[in-house]
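Labels run A, B, C and D following the written order; every chain starts at residue 1.
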Amino acid sequence: MGDAKSYALMLADAVRENVSRVDGDGLSRLVDEIERARRVFVAGAGRSGLVARAFAMRLMHLGLQVYVVGETITPAIGVGDLLVAVSGSGSTRSVVLVAVTAKRLGARVAVLTSHESSPLGKLADVVVRVGGREEVLERDYLAEQLAGFSVSPAPLGTLFELTSSVVLDAVVAALMERRGVCEEDLKARHTNLE
Amino acid sequence: MGDAKSYALMLADAVRENVSRVDGDGLSRLVDEIERARRVFVAGAGRSGLVARAFAMRLMHLGLQVYVVGETITPAIGVGDLLVAVSGSGSTRSVVLVAVTAKRLGARVAVLTSHESSPLGKLADVVVRVGGREEVLERDYLAEQLAGFSVSPAPLGTLFELTSSVVLDAVVAALMERRGVCEEDLKARHTNLE
Amino acid sequence: MGDAKSYALMLADAVRENVSRVDGDGLSRLVDEIERARRVFVAGAGRSGLVARAFAMRLMHLGLQVYVVGETITPAIGVGDLLVAVSGSGSTRSVVLVAVTAKRLGARVAVLTSHESSPLGKLADVVVRVGGREEVLERDYLAEQLAGFSVSPAPLGTLFELTSSVVLDAVVAALMERRGVCEEDLKARHTNLE
Amino acid sequence: MGDAKSYALMLADAVRENVSRVDGDGLSRLVDEIERARRVFVAGAGRSGLVARAFAMRLMHLGLQVYVVGETITPAIGVGDLLVAVSGSGSTRSVVLVAVTAKRLGARVAVLTSHESSPLGKLADVVVRVGGREEVLERDYLAEQLAGFSVSPAPLGTLFELTSSVVLDAVVAALMERRGVCEEDLKARHTNLE
């Protein structure tokens, strides 16, 4: 049995472990794709959608032209654009629909998912495999950490979502370095109306 | 200089370190407040608002009555309700406005912030201090980890936001345990329309 | 050629004319369905989605349990629930996907659309035909009003969206009357945090 | 007593009457301000916020650079930008906060409101007076139309919101004419991912 602080430490350890398993090559290719893209569109459903939006906000701070699928002023996607989709299962229907359409319209597609052979994994130009949304049995590398706790501290896609948040913030850091952008530059673009 | 994977590991370490500094008592009191509340309202601006929404989604999965300030069907707040505000600085004007109003209307207020003596910290019934949004000079406990990297991997509120995500998911785990709720119960309430 | 005020008058006339062509029986059946539903879910893409959300907000003010598909705390839909979809074309893919799923899960579906024989029109239990999103040639009943203006004052789905807004607010009025709810009752549920 | 269709006709008449009372000069000045602005930001709370967003979507279709305050990728506002605020009362605190800040940062402010002497009305560079959100007693020009109905068909800000929708779509039509933009041009920018 654990109090909230114990669960928090356990989750942080699990995220750290999970980050170490992320494919670094896929991640670097994502950075390249973003650098080359005319505009970046992000998509995701539920909590993965919130992770995608947090990433989009930082890309805007970086000075990139970026849009969130489903928000008010998101324009038509086309050739030269990049869609970044976040989906643990890789098969969330609304996100698959968006990605299939984006491909058909000539955009490139990158996806963060736990399932490379999912519909999203298969159609993507770049797959960044981020664990945490496998079937419960496959998450056994967490078993040791979970021992002694009566519930999983990472139900549903929690581990995938937290790890994706860290990984996408690392993409932001890599982009800052490449573009020679500092924290003050980001701050200057941060909304000043809230 | 680092590639994205190196930044991701560094960020995960920083989050782990930062989680270990979170006040466990404040966190446990937050769990108690949520258990006692009639309904929970969450608020936050920018990326902190996305963190708050990810938390709200899980509280809904847990079977609690929860609302996001600013979304369409959020009703009037009142006595017996709890507002959970997320703000690194503790002084984001729109969030302070919401919290002041919630207090005046008889609701209780909990806040996750790096600044206990900020406007939000002062008016809250429960403060969970989560580091990461201090002034840059105060973040020196991260200096060792940052050595050798040309940019901060955690610009603006990044570290606060990532840590708050972990901490709030730990609150969810603690609530699951207390209420005897398992992953399948959450899944049954998860939206089936996306 | 016209100034903005002239366009506004012309649009208001077109909406008035378009409202007069709405099927009153379909509208009354929508009121009945809402009265009978356990919970109401609303869905729509783009500007139709905003119309759906404005409607959802008033249903909440009326004291009904209502959710917006895609917002944070929207739970699983099921038997006894009603989905109200707004789509001029009746074939917006994301909305069709939601409606097909809702039907499969046992919910009833009502749709506002200009196309009764569209995918949404065909699967719905109740169709409220609202004009304005027909092909341009079919909108000839507006031709007289448009004479003398160099552009259509109602591009894309504008006329459908404005008319749907009026029609759904009329549904709210009918529900107020049936349930004996007055403006003060709505006001008491209106968010007090903005 | 009325059925939904009767209420719809009554509402459409009330909107038509209300549109005829809108100040045409204010409306033309709004068109001018938008034409001159570097970028347009829109803001509003609740249903007025949805009206503002529907307007923003069309401005994007028109090819303007436009943002919704509170959405993910909205950047910092500054000199040369225009904020369009929608608020029936003219005193919604969150919107006043945004407008005051926008003014301080050098942006111009336009407001649609029923109250010219409200906080928003006073600080705005352009006020478009749109009726419908006056105190109930002042809405007596609607009394004749309301006779015989047991409830108001336009509770709270309904009449203001519907009229503002029409008026802002008329601004879109005027901008289309001025810029020589046709429906096909709008369609080309309309999102193709839903």
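We take it that contacts are C-beta pairs under 8 Å (C-beta built on N, C-alpha and C of every residue); 3 or more make two chains touch, one makes a residue touch a chain.
Keep in mind it's a predicted model, so treat the numbers as computed, not measured.
Participant: Looking at the contacts, which chains touch chain A and chain B alike?
Facilitator: C, D
Participant: I want to compare two interfaces, A-C and B-C. Which one has more contacting C-beta pairs?
Facilitator: B-C
Participant: Averaged over CA atoms, how far is the centre of chain B from the centre of chain C? Could you give it in whole Å?
Facilitator: 36
Participant: Once you find the CA centre of chain C and the CA centre of chain D, what distance in Å lies between them?
Facilitator: 19
Participant: Tell me, which residues of chain B touch at least two other chains?
Facilitator: Counting only residues that touch two or more other chains, chain B contributes 53, 57, 70, 93-94, 101, 190-191, 194.
Participant: If every chain is a node and every touching pair an edge, decide which shape results: line, ring, star, complete or other.
Facilitator: complete
Participant: In their complex, what parts of chain A are in touch with chain D?
Facilitator: These residues of chain A touch chain D: 41, 43, 53, 56-57, 59-60, 66-77, 98, 101-102, 105, 188-194.
Participant: What does chain B use to touch chain D in their complex?
Facilitator: Against chain D, the touching part of chain B is residues 70, 93-94, 97, 101.
Participant: Show me the residue ranges of chain A that touch chain B in the complex, using the header's touch definition.
Facilitator: Answer in residue numbers: 1-13, 15-16, 19-20, 22, 24, 27-28, 30-31, 45-47, 50-51, 53-54, 57-58, 61, 92-95, 136, 149-156, 158, 161-162, 165-167, 169-174, 176-177, 181-183, 186-187, 190-191, 194.
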